[in-house]
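First comes the structure, then the notes that go with it.
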Amino acid sequence: MAIRLGHNDYGKSRVRLLRVSRHADHHEIRELAIQILFEGDFDTAHTRGDNRKILPTDTMKNTVYALARQYPLESSEEFGLHLIDHFLTYNPQTSSVSVSISEELWSRISYGGKPHATAFLRSGQEKRTADLRGTREGTSVRAGLADLVLLKTTKSAFEGFLRDPYTTLKEDRNRILATSVRASWLYGREEVEFNTVWQGARQLLLETFAEHDSQSLQQTLYAMGEAVLENFEAIREIRLSLPNKHFNLADLKPFGLENPAEVFVPTEEPHGLIEATIVRD
Amino acid sequence: MAIRLGHNDYGKSRVRLLRVSRHADHHEIRELAIQILFEGDFDTAHTRGDNRKILPTDTMKNTVYALARQYPLESSEEFGLHLIDHFLTYNPQTSSVSVSISEELWSRISYGGKPHATAFLRSGQEKRTADLRGTREGTSVRAGLADLVLLKTTKSAFEGFLRDPYTTLKEDRNRILATSVRASWLYGREEVEFNTVWQGARQLLLETFAEHDSQSLQQTLYAMGEAVLENFEAIREIRLSLPNKHFNLADLKPFGLENPAEVFVPTEEPHGLIEATIVRD
Amino acid sequence: MAIRLGHNDYGKSRVRLLRVSRHADHHEIRELAIQILFEGDFDTAHTRGDNRKILPTDTMKNTVYALARQYPLESSEEFGLHLIDHFLTYNPQTSSVSVSISEELWSRISYGGKPHATAFLRSGQEKRTADLRGTREGTSVRAGLADLVLLKTTKSAFEGFLRDPYTTLKEDRNRILATSVRASWLYGREEVEFNTVWQGARQLLLETFAEHDSQSLQQTLYAMGEAVLENFEAIREIRLSLPNKHFNLADLKPFGLENPAEVFVPTEEPHGLIEATIVRD
Amino acid sequence: MAIRLGHNDYGKSRVRLLRVSRHADHHEIRELAIQILFEGDFDTAHTRGDNRKILPTDTMKNTVYALARQYPLESSEEFGLHLIDHFLTYNPQTSSVSVSISEELWSRISYGGKPHATAFLRSGQEKRTADLRGTREGTSVRAGLADLVLLKTTKSAFEGFLRDPYTTLKEDRNRILATSVRASWLYGREEVEFNTVWQGARQLLLETFAEHDSQSLQQTLYAMGEAVLENFEAIREIRLSLPNKHFNLADLKPFGLENPAEVFVPTEEPHGLIEATIVRD
């Protein structure tokens, strides 16, 4: 009955980077937090303390900054591809390199009604994400977003559900629907207009959420994913993870008041969680 | 040498509320987290366990929901005034009532290029704040904002500073300037167009930050506060608390690369902190 | 080119529970946060808004509280087994039920040198975890812990590693080694003395970390996992995820001071990350 | 109607430090996060961008590390006194210097039943705090703690309280009492056995919470503060801020089950908040 090393990886997390592009009449910025993970032939490092195949995680960090200087950083996805290409090329001991990027979103300060050329404000807690994994056979690219918080005040019902002896939930024809979207979609190829598709997919997620006549968060999730797949041929599948953030109707009866869906209690926990992948066959 | 009760207060924190206003062709929402604190004659509660003058904090919570149903909730400041008026009227045992409100900001989802009537997205981590304190003599109203994260890529220097034997900082004519604005301003009277002034003050803070030719964050802070006071007569003083969020230039020399202010390392800690109140005499 | 539903699940997260057991001479408490996820035949809910097979997540929450009343809650693992058994029995539409439990740890307040019978303090940010997944074929049980922060001031080196042109890290024979342990181990059967084994495995992780003569965090991770597998036959594999929390030696040379490994700068980001599964063949 | 600078300060926050003391047979560690704030003659920095009296916050950070090398760091309070003494001595432009220190608590890993000499685990989220403010006239020292989470399962009632039309709370003779203690006490002099008194005051807070027959959190707060003042003559006043962390009895009646104070729902928000200063006359 032997003990042995199974699946393993190592790398660097939270390598943070602000890239400024200084054009004549305006500046552009991009702020990223990057994680790099290597898989490969690292058995003797674990079992014998032999570090000869271990590139320090500090070097991974340095590489991020050095490559950020040498490439224009048009998109997280392209920067991830450069990083993976670099690491696979110079590190024969690796079998795969994964890069995960979380981008903080900045928009321009409005100045006299126009976007300012060199001053920015953080757009919110929403993140743009990219998750790439490269091997000698090729690289998969997933793009997405996280922490996009949405809410609608109509067109959301939840009725006709299964009941058991522990079911006390009432049917609801007009509930608040709120969620924090986590989405990631897999591209079918490496050549994509990453920024254009990301903007388009995000907008479809927003518009579908807004207009869908929801019978459940499951149905709305499916509609959101379907809309993205129908409009972007480059996307092979999309994964959505949607917490159901409950806004409970405040009970005002003890005070002799009706509450016609006007006063709600936002809650953080517990919350529902609906997750699905929608795929193109 | 007697031991006695000194300053004390009690109340309820994190009373969360979503208020929906359902108009014929669109809905409006406002999401608040409210804290209520009573000061008053509570000595025997502390020293003898006599609760006869203690209105339960659960009742404060109920009151928030009941009043939210009965008032239109045009602004946090007005709702805070209603709460204080209610509590002071019905609670002779109180000498002062404080209400602090933190508002989550929602904007409308853009649908076909237009704002959607009933669907919203969270604008960010920025909060609109209101802090009121009422006594039988009157009520002070402070409005403000928190967690408004700003960054500019030019017009920021820090030179000519004091040096001592532990000073290693280099003079910098072109640093990144970034902060997370916490501002609160005191109104000189209770009758104010709260929403209009808040929007205007916030916009002045943004525009001054963007355009100021900064010799230090102190100087930019003062310019921001001065701009608000000069433009809004209703405001008597403004307090600004500005962390200096450092973005360090990445050192690429070891790799034979120059770094002409393009690649920076964002950091969370340590950070500078600049705080001041600007007052109208 | 059809679009269809792929892998999906749904359920309830952050169902929080405090269970008090009132014995004659002392009380016991256990505080859990529970997540329940169903997989099964939910296609028409997604594609047609048909909720007839959807047990509300609110019911999952109610079930937690009802079962917590009916079972003694000796351990998270046993409570998870009860929940899975209940849900699989009464929900033929499910193919699998997953239960993840995160336990807050409380210890007794020391009173006059002895553990108090009815008063407790939170032991820390460390969580005890349990992750179970049941199907009609059987249930797998993983136990573990998270956020267990460790640090040692000696017996930690990192030398002889791979270098490339972006490598600037110096060899280090005496660095601070610090991590936040996330561990989970898979049991080979359902009948285990869960509390005893959990305490024993945790203690082995601590002792191995403390005494290991570390050539790298990889080697220490392996030693920690190996110790657990060697001592607990009931455990089939153990997964460890160890961030390398860097404590950088403060550079005091500019001030004419040596720093013989006494003054360090703790950092949160970036951090290394070492992950591996150690398995019994 | 002139605009002018009012109260202002500036400094550095989150200066993090690990200090290792290497003795022959064991090591000691202390981990601090330090904030330094200067008040003084900084008007022209704000109004004219004149930095000649501005010691960079980067220098404050350097000073922390340089002084941490030169002093043994027996306690946060003593280190704070050294920092204040240094800054006041070399910075005539300052009128006051404030130092706030938050200490992460580490305990030794138990190894073979004994405390390990060089390996540690984080004790929890509890922090030891110190807040000092020095002027040319003298320095005040406050010590304390934060995030000490306590819970008791008996000896807690809340009855006989004030009722108004919005009161729905039921009287409770046997509720869960839970809080997260934030305490800070002011010393009457600078010469104190800081570590001994801190340990003693903390233990009194714990024991009083555990044994007090509570009629309200107000009464328990007062008893906790009184116990500290009665036992430590060096302490002039103590401030306590105690959130009332509500654990609601789960309503199991819909399922035909009684709930004799066994199953509770822990909640984070809303929460009560009780604050008071207890003083020695």
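Labels A, B, C and D are assigned to the chains in the order they are written; within every chain, residues are numbered from 1.
Going forward, a contact is a pair of C-beta atoms (placed from the backbone, for glycine too) under 8 Å apart; a residue touches a chain by one contact, two chains touch by 3 or more.
This structure is a prediction, so every number in the text was calculated from the model and none was measured.
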**Type of chain A:chain B copy interface by residue overlap (half), same or different** = same
**Item:** Selected interface, C-D versus B-C, where C-beta contact pairs are more numerous
**Value:** C-D
**Whole-Å gap separating chain B and chain D, where each centre is the average of the chain's CA atoms** = 24
**Complete:** Between chain C and chain D, the Cα-mean centres are separated in Å by 29
**Fill in**
chain B and chain C have mean C-alpha positions lying a whole-number Å distance apart equal to 37
**Prompt:** Among the residues of chain C, which are close enough to touch at least two other chains?
**Reply:** 16, 62, 66, 166, 168, 254-255, 268-269
**Prompt:** If you look only at chain A, which of its residues touch chain D in the complex?
**Reply:** 165-166, 168, 254-255, 268-269
**Item:** chain D residues within the chain C interface of the complex
**Value:** 16-22, 27, 29, 31, 62, 65-66, 68-70, 106, 109-112, 116, 118-126, 148-155, 176, 203, 206-207, 209-211, 247, 250, 252, 254-255, 257, 259-267
**Item:** Sites on chain A touched by chain C in the complex
**Value:** 1-16, 33, 35, 37, 42, 45-59, 61-63, 66, 90-91, 93, 158-164, 166-169, 214-216, 218-219, 221-222, 226, 229-230, 237, 243-244, 268-281
